[in-house]
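Have a look at the structure below, then the notes.
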Amino acid sequence: MEYYLLIPFLPLAAFCINILLGKEVLRNKAHWPSCLAIIGSFVVAVMTLFDVINGKTVNEDLYTWIISGNFKVSVGFLIDQLTAVMLIVVTGVGSLIHIYSIGYMHGDKGYYRFFAYLSLFVFFMLMLVMGNNFLILYLGWEGVGLCSYFLIGFWYEKKAAADAGKKAFIVNRFGDFGFALGIFMIFLTFGTIHYAPVFTEVGSYASQTINILGVEVNLMTVIALLLFCGAVGKSAQMPLHVWLPDAMEGPTPVSALIHAATMVTAGVFMVARCNPIFNLSEVAMMVVAVVGGITSVFAASIACVQNDIKRIIAYSTLSHLGMMFVACGVGAYAAGVFHLYTHAFFKALLFLAAGSVIHAVGHNDVQRMGGLKKYMPITFITMFVAALSAGGIPGLAGFFSKDEIVWSAFASHSHVGMFVWVLMLMGAFFTPFYSFRMIFLTFYGKFRGTHHEEHHLHESPKVMIIPLMLLAVGALAGGWIGIPSVLGGGAHFAHFLEPVVGHPEFHGTHAQEFAIMGLSTTIATIGLILAIIFYLKKTGIPIMLAQKCKLIYKILFNKYYVDELYNYTIVKPTLWIARSILVGFTDAKIIEGIVNGIPKSIGWFSDKLLRKVQTGLLHHYGMFMAAGVFFIIALVLLLR
Amino acid sequence: MVPLNWYILLSAAIFTVGVFGFLSRRNIIIMFMSIELMLNAVNISLVSFSHYLQDMRGQILAFFVIAVAAAEAAIGLAIIVALFRNKATAHVDEIHEMKG
Amino acid sequence: MNFQLPDITPIIPELIMTGLALLILLADLIIKRKDILALFSILGVGLVVCSLTCAYGITFGGMFISDNYSTFFKLIFLINVVLSVLISVKYIVIEKVNFGEYYSLILFSTIGMMIMASAGDIIVLYLGLELMALSTYVLAGFIRHDTRSNEAALKYFLLGAFSSAILLYGTSLIYGLTGTTDLKAISQFISENGLKGNLSLTLSVILFIVAFGFKIAAVPFHMWAPDAYEGAPTSITAFMSVGPKAAGFAVIGRVFMIAFGSISVDWAAILIPISILTMGVGNIVALSQTNIKRMLAYSSIAHAGYALLGIIAANNEGLSSMMNYMMIYAFMNIGAFAVIIMLRSEGFKGENINDYEGLAKTHPLAAALMLIFMFSLTGIPPTAGFIGKLYIFLSAIDAGYTWLVVVAVIFSAISAFFYLRIVMYMYMKDPKIEVSLTKSPETSIALAITTFAVLAIGVFPSSLLDLARAAIAGF
Amino acid sequence: MEQVIMNQLNYPILTTVIFLPVVGALLILLNRRSWELLTKWIALVTSLATFSLSLPLFTNFDKSTHKMQFVERQSWIPDWNIYYFLGVDGISVLFVLLSTLSAILCVLISWHSITKKVKEFYISILLTTAAMVGVFCSLDFFLFYIFWEAMLIPMFLIIGVWGGPNRIYAAIKFFLYTLVGSVLMLVGIIVLYLYSGKTFNILEMMTTSYPYTMQIWLFWAFFAAFAVKVPMWPVHTWLPDAHTEAPTAGSVILAAILIKMGAYGFLRFSLPLFPEASKAMTPIMLGLSVVAIIYGAVICLGQTDLKRLIAYSSVSHMGFVTLGIFALNSQGVEGGILQMLNHGVVTGALFLSVGVIYERTHSRQIADYGGLATHMPIYAAFFMVFTLASIGFPGTNGFIGEFLILLGGFTKSKIVGILAATGVIIGAGYMLWLYQKVFFMAVNKKVVGLPDMGVRETITLLPMIFLVFWIGIYPSSFLDFMHVSVEHLLDRVNMAGSVAQEAGVAKTLLEVIK
Amino acid sequence: MLPKLFFAYFAFSMVLISILIVTRKNPVHSVLWMLLLFFHIAGLYLFLNAEFLAAIQVIVYAGAILVLFLFVIFLLNLKEEVRINRFIGAWSTGFTFAVAIFVVFVMMLRSFVAAPAGKYTTDLINQESHIQVLGKLLYTDYLFPFEVASLVLLVAIVGAIVLAKKRRTG
């Protein structure tokens, strides 16, 4: 079954075609190669999935990539259950978004570029999930980062866009820094960085410790945490979350594909992939869970007050990613991946819908929207579904996955578990609140924009609508393959992934599970109702609240001032050091001072001193000779 | 019998007097005369040595020294004359066209 | 009394040379075209070169020694005289001093050097030295109508006389101490009668160092050099900067290695600071010169400093490295002067460094040659200068003076600056004034020879090295 | 006597590669000044011929041995027992190829940009090439030193004659800086020569072992020469000036080859000749490397001049190289060598690219650009590739090198590895900042209507792109050259220094790092 | 005792005279003092029974060289010479150095030991006259330096002519 190779390399081919021919030859047909390619890989992915279901997993090397001394790594692929799921998500959601983009990007002067980047992104994303060693993972990891850099900064004339792209790349570099160190540690420990040997041997290193600055630390903890740094960067968890909101400067399909469905979930994928390592370290797991939990609440709270439609969704994404990490953190990797999978549907849908709204309105500000329901019904419905699903309203995809996480958190019966469980519940409250706040502000009430804008309001073209519908189906029914046993489902998803991520042993009764489910559901509904009250019935309240607790509002509105914090603690000092200290002082003054100073002083010595000795007066010359004679003799007399 | 060291002392004395003259006089000709003085000092020591060592070399050398001194005088004075033609001075401290 | 003529074969070259000099002197009266005299003298010198090979041996009771050592130096002197004459022909016409005596004096001076090189007795040494010196004084002041030339001659002469007086004093002391003036006898006497460490002996050694130091322009006895070099006719500057210096080194080599060989520790110790000073002052003062002749004067002082390392090493390797260096220095220095002399034209001195601005644009070939000589003087491979320096350093380190060599290389790195400055002016600046070169076949020949030598020695030094090695073989 | 593999080809390949450019230079010398086009073509043809003649080094190289290959040996100066002794091994062979390649590019890129003293320019370029190749394949110290110094002359002229406004200062600075270093090395060479029984033969020198103190002294003597060339912190300040003022071709030669010689020197001489000293000095060297990496990277953030920025970035990158070399393990060293190659390709290419716009706008100020991507998309694409390579993006050559080096460094000492890795972050910072300022954002009116890259320029840059990806995706075809030689080298270093006592400073430093 | 007194007189007066030579304002006086000095030196030579040297000391030095000096001195403007100061500004330095050199010379020379005596004893010289002995040596052992000396003199003549003679510039 070599055909799996087609999955990544079809998009790559598409990229090459587009980048070479796109500008002159294809022009506005540039979407063909890309779309065909990704649909092709989707098909192949499905076939692969079935192979996997039939128990045919792949782990083979293509060729040796780097070999140096005892370090050897090859370009090779691993296709198992986890990979298969990711493949489906990436290619499936990906192809829909591709199609959507045809309409959305229509007429943009960078049309071919856009599709080229998309294909490249898909290629790297697939490499990321298909690699059978950490270096390929790293390759994909950096690759998707690069593509997101391109796509965020797609409209590079806009300073904001360019900045956002750069920011995304550099912030990610911080994560990757840890990630790379993790890989080094893995190599130092295991002598290889291929998954298979590492994960098999990992057990024997469980209790090994290393000395960091005099402190004995568990080796696995160190490795796990270093790897997690990468995940934090890529999946925009605190404290490296700052790039994701800004990333919304990119075209909406990009936000949907990269910053909702696929790339940002790479972190989750990685943690799930490395579960053997994480499982060995209490501390690491705890950190993962806590970071995830805090991020989810933190982001959700911000989402409640944002006005940029895309940013709202972005923060929601942050919060959901947080949930996924919580799942991983409590050992329920399956749950995490499951949420990843459902999240891909409803979040992509939210974005695309938002996209079609923006397409119609021409800006992102929810405060200047409203009453769009009648202008663009389909968009409205699909988005509504997505919101419900995201809000965890029972029956929809989001419900099952989120509930799974909440339950796992509770059932892990550790203090951490309890803590994050509480956080989860808060999240469960926020999510429907901000989702519907957005829905209501956008579609209900009467239009708050200018008349000029109002004239242009219209439903988006078919090519954009159809993907929306398809995704809506996913958001609605996507979760049904993972219905937990307690609801009479088979939890197929979890079982399917078991060979890879194992199965956490939770001891909890069905009763408890029902209770938890009920609790979270009620909380969600409360959130929903609150949203209804605030933004449908008593629209005055939010403003009033905003006035009441100005401070909180300000803090939330300014995203807890994290960006400013970084700006003043990291960015500015570095630049200041660079400009004032290094350029201005060490190089210019000290080093150059010495380098130029020595010749200068010699020159001065020569010109002002030694030259003056040569007076041109004969008797002085004679005196010098006499002096020479005298001093030589005197020296001899003294030194004998 | 006069000890040899007296002669050495004498020649040294005259030699240094010559040195002094060479170093301190302004007049080129006198400077040159001081050099002649030094040569004579050398000659004295040479002759005295050759007398005390009962060996003729010293006197031979002294003889050559006198010859060379004559030659030097000729050349030197010619140079001074040539200088005079262009620049009527015989004072070293006025001759410093080239310096540094 | 019976009187038999001693064997004169060893002095054949000197005899021919003398004959030649006198011939030129007489021919000058009848021949009006002086360049013919130049031709004569060059041919004659060629003859002398041939005669060098057959003139070996010790004669006049050991007063005159003609061995490989002296022969090597004589070769240097003859090359020096040929090249100097070649670059003079046109130049002295421009300077309006186109007299026949010029050539005969150059020849006489060379005879003096040759005698110095093979002097086995201090008396002969002294006379040779005076012969060389007196003719050089005259040559330095040869442009009688130019005050700078007079001044140069005067300074050179007075200080020279002073130094020769000092030399004589030293000689008299040696004579008094050892009762002889024959170099071999002196060393014998010293070692037999245990004069080692005798202060009077040391005094005489010091006085010798001073006198010879004056000839090779070693600091602090160098003061005459810049003025004399600047004021003298350029061709003579070239002649002076190589001939007397080489002669000085020749006698230093002989006197110190033979007569004072047994007390080499003492004089080496005295020479070390002198060489450091010489390199230092030479290189550093050269940095701030604006007159190229003067700059090269200082550079020649510095080069004397390098060559002194060879003496300080106080062994055969050291000597041969020093000789090798002198030979190479002769070529590269006269080459440089040949270029300088081309810039001298009617009513244009062309001695200022600014005159070289943009030479590469106006006269690319001349600039390129100058570039080669400058880099050679700096000691950058693949030029001869590098070989010379390398050999010197090699022998010095071999003798255990590594630290001294480190000092030397630092100074040579500094020296790069002022040599490069010429290159910089020629290549990296634009010409301000239109400089016209006075080309002449003779100068071209001289340039061709020097350039070829500098490059050839730089790439294939073997033959020269063999020669230098052989020169001190029977020493 | 060490055993070597004599040249098996039907022509003396190394000699040819060295002296063909010289012949070309002579031809140009004889050529009429007015026939500039002919001059250019002679130069181009010569460089092409040289390159194609050097290709057998790549194809016929025996990767299975550490012995010197393609060796030619002729007695040259018997008095000093000097031989004309050429040969390459896995460490040097690639640089020969890089040199010959870069010669072509230099000729191409200067086609229009050099207008005055055309003859001299191409002569200098060719002579430089010859000297560079000579440096990399001479196995006789004397020969090595000749090439090493001889290269200064044409380089000095290239910078000083065809350079920018401040060229004279830069040229002289470059010359003196390097000269001071190399003369000290000369002393070291002589000491070696005398100690090792009067031989300049490098391989023989390696067979003798030197007393520890002597090693330390010699190590620093050689350090003076190599560190300046690399250039290591704090003797790096000549590089920005030289790079900035030099004409494009000059910068390319500097970046691609000249500054590799320092690192090459460490590998070829310092490590095998003074193993104990090298081991003892490792902490200091690692320290300096790390400083160079971070210092060079951070200082880039403060630059306003394109070429200056790239110059400082090469300080940082060369810091990686030295770090790898002195990690003294195979990953580090091989990474170092590969990184030298990469840096040669990438930074060379970056300077070529800068040359492309400099030719159009005659401004090096970053502020004078912006939005170039709109007007010169192809150019933007090329530049992006090189940017990525220079920030070590996986799939490009930069990644392989940096990864191996960091791996090696990390293995040697965790702290060093971590500190060095921060350089990668900052690297991304300044390169992307540069790219954004130049290619993104609002179009600067100064760049409106600039023509995109022409055929000649594209051809010049294509090989670089090709190499970037070749090395990035299939590095084995280059790494395979090194394995055996590097192993051999490391064996020598590690077994020799088994009981290396460590100098005081070094010891304390080592403790700090451990 | 007598010789010592004799020498003492000579030494004293010679030093005195030489000091006078270098300190007279008027060059002519210096020359005249020098003349006197030369006669003393000649006397000393006689005392060291070197008659021939004494003779040429008087003939060559006093007869030839001093006359040359006088010739040149008459080119100077003597009145002015007498009026302006004779020493350079830094004559004290010169004096110091001279004295210093004298001191160190003496210190060095304290360890002087004369070489063993040779064969030319006084009576040997006296039985065949001094001039004959000298002449023999000059024309046998010292023939070569003698010839060289002739060259030196020749050069002196040529040089002097070249430099001093008025002639059309060629």
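Before moving on, here are some points about what is shown:
In order of appearance the chains are A, B, C, D and E, and numbering begins at 1 in each one.
Keep in mind that, in the parts below, contacts are C-beta pairs under 8 Å (C-beta built on N, C-alpha and C of every residue); 3 or more make two chains touch, one makes a residue touch a chain.
Computed from a predicted model, the values in this text were never measured in an experiment.
Closest to the middle of the protein, by Cα centroid, lies chain D. Set against the C-alpha centre of chain A, every other chain centre is closer than that of E. Centres computed as Cα averages put chain D at a distance of 71 Å from chain E.
If you average the Cα atoms of chain C and of chain E, the two centres end up 31 Å apart. Annotation: 7 Å between the Cα-based centres of chain B and chain E. Look at where the CA atoms of chain C average out and do the same for chain D: the two points lie 43 Å apart. In chain A, 599, 611, 614, 616-620, 622-623, 626-627, 629, 633, 637 are the positions where the chain touches two or more neighbouring chains simultaneously.
Residue positions of chain C with contacts to 2 or more other chains are 123, 127, 130, 134, 137-138, 141, 144-145, 153-155, 158, 162, 173, 176, 179-180, 199, 202-203, 226-227, 417. Residue positions of chain B touching 2 or more other chains: 4, 8, 15, 18-19, 22-24, 31-32, 49-50, 53, 55, 60, 64, 68, 71-72, 75, 78-80, 82, 92-93, 95, 97-100.
Chain pairs that touch one another: A-B, A-C, A-D, A-E, B-C, B-E, C-D, C-E.
Taken together, the chain A residues at the contact with chain E in this complex read 617, 619-620, 622-623, 626-627, 629-630, 633-634, 637. Within the complex formed with chain E, the chain C residues making contact are 1, 3, 6, 11, 18, 25, 34, 59-61, 63-64, 96-99, 101, 104-105, 108, 111, 115, 121, 123-124, 127-128, 130-131, 134-135, 137-138, 141-142, 144-145, 153, 173, 176-180, 189, 193, 195, 198-200, 202-203.
Here chain C touches chain B in the complex through residues 123, 126-127, 130, 134, 137-138, 141, 144-148, 150-155, 157-158, 161-162, 164-165, 168-169, 171-173, 175-176, 179-181, 226-227, 230-231, 289, 294, going by the rule given at the top. Those residues of chain E whose C-beta lies close enough to touch chain C in the complex are 105, 107-116, 118, 136, 139-145, 148-149, 151-152, 154-156, 158-159, 161-163, 169-170. Of all residues in chain C, those touching chain D in their complex are 360-361, 364, 375, 380-382, 386, 390, 393-394, 397-398, 402, 405-406, 409-410, 412-413, 416-417, 420, 423-424, 427-428, 460-462, 465-466, 469.
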